[in-house]
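Going in written order, the chains are labelled A, B and C, and every chain counts its residues from 1.
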Amino acid sequence: MDAIAHRLQELGIVLPPPPTPRGSYTPVVRHGPYAWVAGQIVLEEGNAVKPGLVDRDVPVADAQAVARLATLQALSALHHVLGGLDSIVRVVRVSVYVASSPGFTRPHEVANGATDLLVEIFGEAGRPARVAMGVAALPLNAPVEVEIQVAIGE
Amino acid sequence: MDAIAHRLQELGIVLPPPPTPRGSYTPVVRHGPYAWVAGQIVLEEGNAVKPGLVDRDVPVADAQAVARLATLQALSALHHVLGGLDSIVRVVRVSVYVASSPGFTRPHEVANGATDLLVEIFGEAGRPARVAMGVAALPLNAPVEVEIQVAIGE
Amino acid sequence: MDAIAHRLQELGIVLPPPPTPRGSYTPVVRHGPYAWVAGQIVLEEGNAVKPGLVDRDVPVADAQAVARLATLQALSALHHVLGGLDSIVRVVRVSVYVASSPGFTRPHEVANGATDLLVEIFGEAGRPARVAMGVAALPLNAPVEVEIQVAIGE
């Protein structure tokens, strides 16, 4: 078993199935030493999990949980394309877009749901440059979208 | 004639003039194996085409058409800088920012206006990792802004 | 003294202290020929400088000043990690996220506060591909967040 698979098992994490694109894009582009994962939202039977605007409709703790699930989906997409996660040498950049009701100013707390997980799994190599912001709305009324770029080793 | 120019002709597409920056930025940065195109909005005589918020002011179909035009502008900028489009080996990442009225949850459909075109032109190499989101407002009241990163071959 | 330090002195610019992350991320990731700086907001004793939505609460000129300060913070973070700024050969991409009140359509003017400074300091190498947009809200009620990617020389 490779190191990250072992680490996931230690953490009791089972990756979800790789995401299916809903439009003319692909879940992962790998080129040169990097891979870019498309923005991930979390669906269940085609509907957003915990739909709505964070704060007004979705508590921060729930949004953090969705950010974590979206990150697991991104890792599943990478696992599927790379044939495992051990070739990831660095999580480079993570953007967390939070559908926010007016006056919600804690998107960075929601973002920790994504990046805490990456640090749990990859250690310091999982600690990215990060952007967090509150947006007006997301696809299918999802509360959170997570976008990840990683660096791939030889 | 190079392959992409031929493909554009087949599709009946004529690239618009390359965009002029409106501020202290440049339409394209090329560095290493990648080129980044600045976020593109579509203007006519200095005013946004189909201005306003998508859904409230601009129907989705119109916003898709603007996303397509913004993508053509990005390709025109790349053509101008690269001296053609044949050196593009992969469309890596496309972000589509949609100025959204409250409750509009279909930015991904607007985004298809951008990425469908890229797949028409470049085939599977044109299918990017994508992010789509609804934002509060865009420069000059534009309904859509499209940002593209490509990989360049030798 | 290295060239950029000299240029900063000529411009009368003193870099602020490098930023401290507020969550599970790092101010700068360097990998391959690029470095990514995390999205920068400007705080004073833990509170946002000029908090609120641009236009309704924060005039454009003030938001431009905050964008400039956020950019200086990003450069400070890069200086800290790279041991100086002379190894930056190109500013590749700058994203400026502006917390916008409804109907504010001048985020690109706010963004000039960031990119004008980069051109002052680095000349044409500081002129990036840029994205500017109005978002619903930012961390800690900050009016502006600036994200920068640079290319590093040998």
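Assume a contact is a pair of C-beta atoms (placed from the backbone, for glycine too) under 8 Å apart; a residue touches a chain by one contact, two chains touch by 3 or more.
Not measured: the values here are computed from a predicted model.
In terms of which chains touch, the assembly is arranged so that all chains touch all other chains. Look at the contact of subunit A with subunit B and you find different residues on each copy: under half of the numbers used there are shared.
Centres computed as Cα averages put subunit A at a distance of 24 Å from subunit B.
Counting partners per residue, subunit A has 32, 135-136 as the residues that reach two or more other chains. In the complex of the two chains, the subunit C residues touching subunit A come out as 22-29, 31-32, 36-39, 95, 97, 99, 135-142, 145, 147.
Across the interface of their complex, subunit C is touched by residues 32-34, 89-94, 100, 102-109, 111-112, 115-116, 118-119, 127-136, 151 of subunit A.
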